[in-house]
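Listed next: structures, encoded as structure tokens.
Presented sequentially are two complexes of chain A, the first with chain B as partner and the second with chain C.
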Partner chain A sequence: MPVQVKRLLLVFAFFIAISVALIYFLTPKSFGEYGHYRGKALEEISSTEIKYVQMDDCAMCHDSIAELKNSGLHATLQCEVCHGPGFNHIEDYENNRMEIPNEGQFCMRCHIMNAASPKKVIKQIDAVEHAEGEDCITCHNPHQPWL
Partner chain B sequence: MDKTQSLYEALSKVEGFIYPNEISLNWDMLIVMYPYITGLVAGAFILASLNRVFNIKALRPTYEISLLAALSFMLVATMPLIIHLGQPFRFYEMLVTPHFTSAMALFGFVYLWYLMVVLLLEIWFDYRYDMVIWSQQKKGLMKYVYKALTLWISDTSPESRKTDEKIGYFITVVGIPSAFLLHGYVGFIFGAIKANPWWSTVMMPVIFLFSAMVSGIALIMFIYMLVSYLRKQKIDMNALDTIGKYLFYILILDFTLESLDQIHRIYVADESFDILKILVHGKLFVTFFIIQIGIGTLIPLATLAYLQFKKPSDRVRKIIYATISIFVLVGIFYMRYNVVIGGQLFSKSFYGFTSYKANVLYDTDALLSLVLFIVPFFILAFLLWLLPPWKKIEH
Partner chain C sequence: MALENKNLSRQEFLKKLGLFAGGVVFVSTINPLKMVFATEKPKNGKWYGIAIDIEKCIGCGSCARSCKIENDVSQEPFYFRNWVEQYTITNEHEIKVSSPNGGIDGFEQPVPDEDIYKTFFVPKMCNHCSDSPCTQVCPVGASFDSPEGIVLVDQTYCIGCGYCVQACPYGCRYIDPLKGVADKCTLCSHRLEKGLDPACMMICPTHARIYGDLNNKNSEVSLFLKEHNCAVLKPHLNTHSKLFYNDLNQEVH
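So, the complex of A and B:
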């Protein structure tokens, strides 16, 4: 074998050895435990702080509001879209107040005039013309808009 | 209220109906640079192979320049991707935990193969003998630099040079399909995105490949003239004419393939056609019809065709070639732009558009892209200083 080929093979062997070593040291320990990802990732994700719960959890205590809401057109909305994350509140409601979004423009988050959102799915209004400066909740009950 | 304001601001960027996640583009100018730069590498390498494998003697003066230019651009080819990552320092994870059924995750390996096994080896075998000689001539630090580059082999016997020649030839032969692989792969990535009708075509790898050759050849034409000018050397007009000839041929092929693709789209006119039609006549009008097709393809084609029949004086031809090469380089850049950015401008609902403005000051993707295009020229200057083709001992 010519000398330069031999030398090159040596260099390549060296590179491959380094790569193998790097792969060995850099691959996370739990990689491939369950699939093509870090097994530990599951643990990490499940240990992240929980912020949200479901409507059913709110209904345990606020059953009349939940019932009211579910009887109206806002039935599909989760309580937490309007009141913010509720996990802490459920754990300790005395020290963790929920947000109460009763200032004027809040409802416009969803009901604003928007050419890109289909009118059949969500009714849209012009806030100035429609509410004439009053808060939405003076006329609509947020939990049951037509009450 | 600023939530409403930001919503209105976002909505001012869109037209018609568009899904919320389509408002801002995920792939910006840096992702335009990625196929552009790899294309230049593949094209420059293929031009070098024309000389070596197909034995086109007229291209000899550009052989080393092509290889070194390919290497300079290859060294920055991964940069746009890495910079574009949200977590740039995790890119190595793709290499240590290879995912063999994901085309995107394989880029690292395609890249390493091409860089280590093809480009570096070919250059090494081409320069080995000269580096030995230089290591004997030079003094001080450079002596040891060259010694290290030769891997401490000082064999200059005729047999060893024959071996260099043979292996170099073999690597070039392997290198051609590898260059095709490198750039065909980049096209494949786009062609395989079946949800996007602007990208999803089996022609994509082939179109990318031919446009890569066009841009690579134009690049070498430009660099060859630039280097000769800076060194105050006479340009070998025969070499330049030959490059021009190949640029002409491949430009014809490239244009034919791209037209074929468009004609196919127009004739088939499937449900995505209306939106694509509005796209190319609207937001892409300037970059597609005027720059890519007009400046980047038709003007060079017409001029090169003219040069095949009439030979104006050397001076005029030089000016023509310099202009053409820049036109082609700009044209191919906008071809990448039209593919990458164009493919993200329309909604998957086929009912609306978003818009893209290159950020020069805020996200700086355009500025970074420019830097990434300029850096290879400095690398090339360094390589030409380290391994000057004009100081090679003629074989």
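So, the complex of A and C:
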């Protein structure tokens, strides 16, 4: 082998060695634990705080409302679909009030007349014609629409 | 150390240096190979799949709204981890798709009722594909499939190059405007960890979205797939999507 090639090979070997060593020192420890990614990321992603809880948690304190709701046609609705996220309220209900939805259009999120919305699943109404300017909750209880 | 030894010949010194360097290199080569030998076996045998019942979606947008709150997604109308689309096919076979603010503010029907051939809502979210194009293109290994079949982004490792955003055929990724890194649906893994359902599925008033373990043939999603005739989006791309739609129309893309 000519001496130039030998030297060139040495130089190559040197650079490869350097980069391999760099990779060793620069990759995070948990990289490759489960696959081509940082294993610790799994833990980090699943450690964020929750904001929504579940209906059972509201029922602990608001048992009469929960019972009322679950005996009516809104039984499939979660409390938080109308009242917003409840984690903070559960932790400290005095300083964290839930939303009370009272804008006129609120019920129409779900009950609006739209051909795309399946009639079998939800009853739809024309707000102007049906409510005649009154609030929905003057006639319907939001927790049990038929009382 | 070796340098202090005055009797050391140059040759011996080089030899020792070579040995030392060789040792470092050897140890270094083993470590990066770790990921080749890493088992992809599920941790506890779960393999998550999702099913969406189009017949049940009423287009209220509660899923998109709760997802943004739960996961601190920017409220601007361009960033969604999950959203709802309204498909309207007219009598002239023109297909109109609309998703104003992802459905959060509700929908307007653009076509008068008598001109509609058919119309329906399609809830969209990450398909958590088994062979995800988005994770394959990541140049740094920041985007990956978890052992449970959830496609995730390691945001501390992501360099924000946006390849994955381009690669996703379903448009389910975006670059977070504040963090400058890729962001996407995590199937609310922080909620799954605590035994809660993902926010969009928990909040849905008609239970149109369900999820579960595809390996367990008695899970809710497996039974749903058994009883309904479900299809995935863009099957020709071989992404092996794990999001199954009941009653999916051919026009949906």
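Operating definition for what follows: the second predicted complex is superposed on the first by the 111 of 147 C-alpha atoms of A that agree within 3 Å, B and C clash if a C-alpha of one lies under 4 Å from a C-alpha of the other, contacts with A are read in each partner's own complex, and residues count from 1 in each chain.
Note that in this section contacts are C-beta pairs under 8 Å (C-beta built on N, C-alpha and C of every residue); 3 or more make two chains touch, one makes a residue touch a chain.
Computed from a predicted structure; not experimentally measured.
**Student:** After superposition on the shared chain, which partner residues are touched by A:Thr27: those of chain B (first), chain C (second), both, or neither?
**Tutor:** Both partners, chain B and chain C.
**Student:** Examine A:Ile112 and indicate which partner it touches, taking first as chain B and second as chain C; both and neither are also allowed.
**Tutor:** both
**Student:** State whether A:Ser47 touches chain B only (first), chain C only (second), both chains, or neither.
**Tutor:** second
**Student:** Thinking of the overlay built on chain A, is A:His130 touched by chain B (first), by chain C (second), by both, or by neither?
**Tutor:** neither
**Student:** With both complexes superposed on chain A, which partner does A:His36 reach: first (chain B), second (chain C), both or neither?
**Tutor:** both
**Student:** Which partner does A:Arg97 reach: the first (chain B), the second (chain C), both, or neither?
**Tutor:** neither
**Student:** A:Val121 in the overlay: touching chain B, chain C, both, or neither? Say first, second, both or neither.
**Tutor:** A:Val121: touches chain C, not chain B.
**Student:** Between chain B and chain C, which one contacts more residues of chain A in the superposed model?
**Tutor:** For chain A, the partner with the higher number of touched residues is C.
**Student:** Taking the two structures together, which residues of chain A meet both chain B and chain C?
**Tutor:** After superposing on chain A, chain A residues 23, 27, 31-32, 36, 108-109, 112, 114-116 contact both chain B and chain C.
**Student:** Under the stated contact criterion, what part of chain A meets chain C in this complex?
**Tutor:** Against chain C, the touching part of chain A is residues 17, 20-21, 23-25, 27-28, 31-38, 41-42, 44-54, 76-78, 80-81, 84-85, 108-110, 112, 114-118, 120-122.
**Student:** Which of the residues in chain A end up touching chain B in this complex?
**Tutor:** It comes out as residues 2-5, 7-8, 11, 15, 22-23, 26-27, 31-32, 36, 105, 108-109, 112, 114-116.
**Student:** Using the touch definition up top, name the residues of chain C that touch chain A in the complex.
**Tutor:** It is residues 21, 24-25, 27-29, 31-32, 34-35, 38-40, 55-62, 66, 69-70, 86-88, 106-107, 109, 113, 116, 119-121, 141-147, 152, 154, 156-157, 186, 189-194, 196-197, 199, 202-203, 205-207 of chain C that touch chain A.
**Student:** List the residues on chain B that touch chain A in their complex, please.
**Tutor:** 1, 3-4, 7, 11, 14, 16-18, 92-93, 95-97, 99, 116, 121, 124-125, 128, 151-153, 155, 159-160, 163-164, 167, 352
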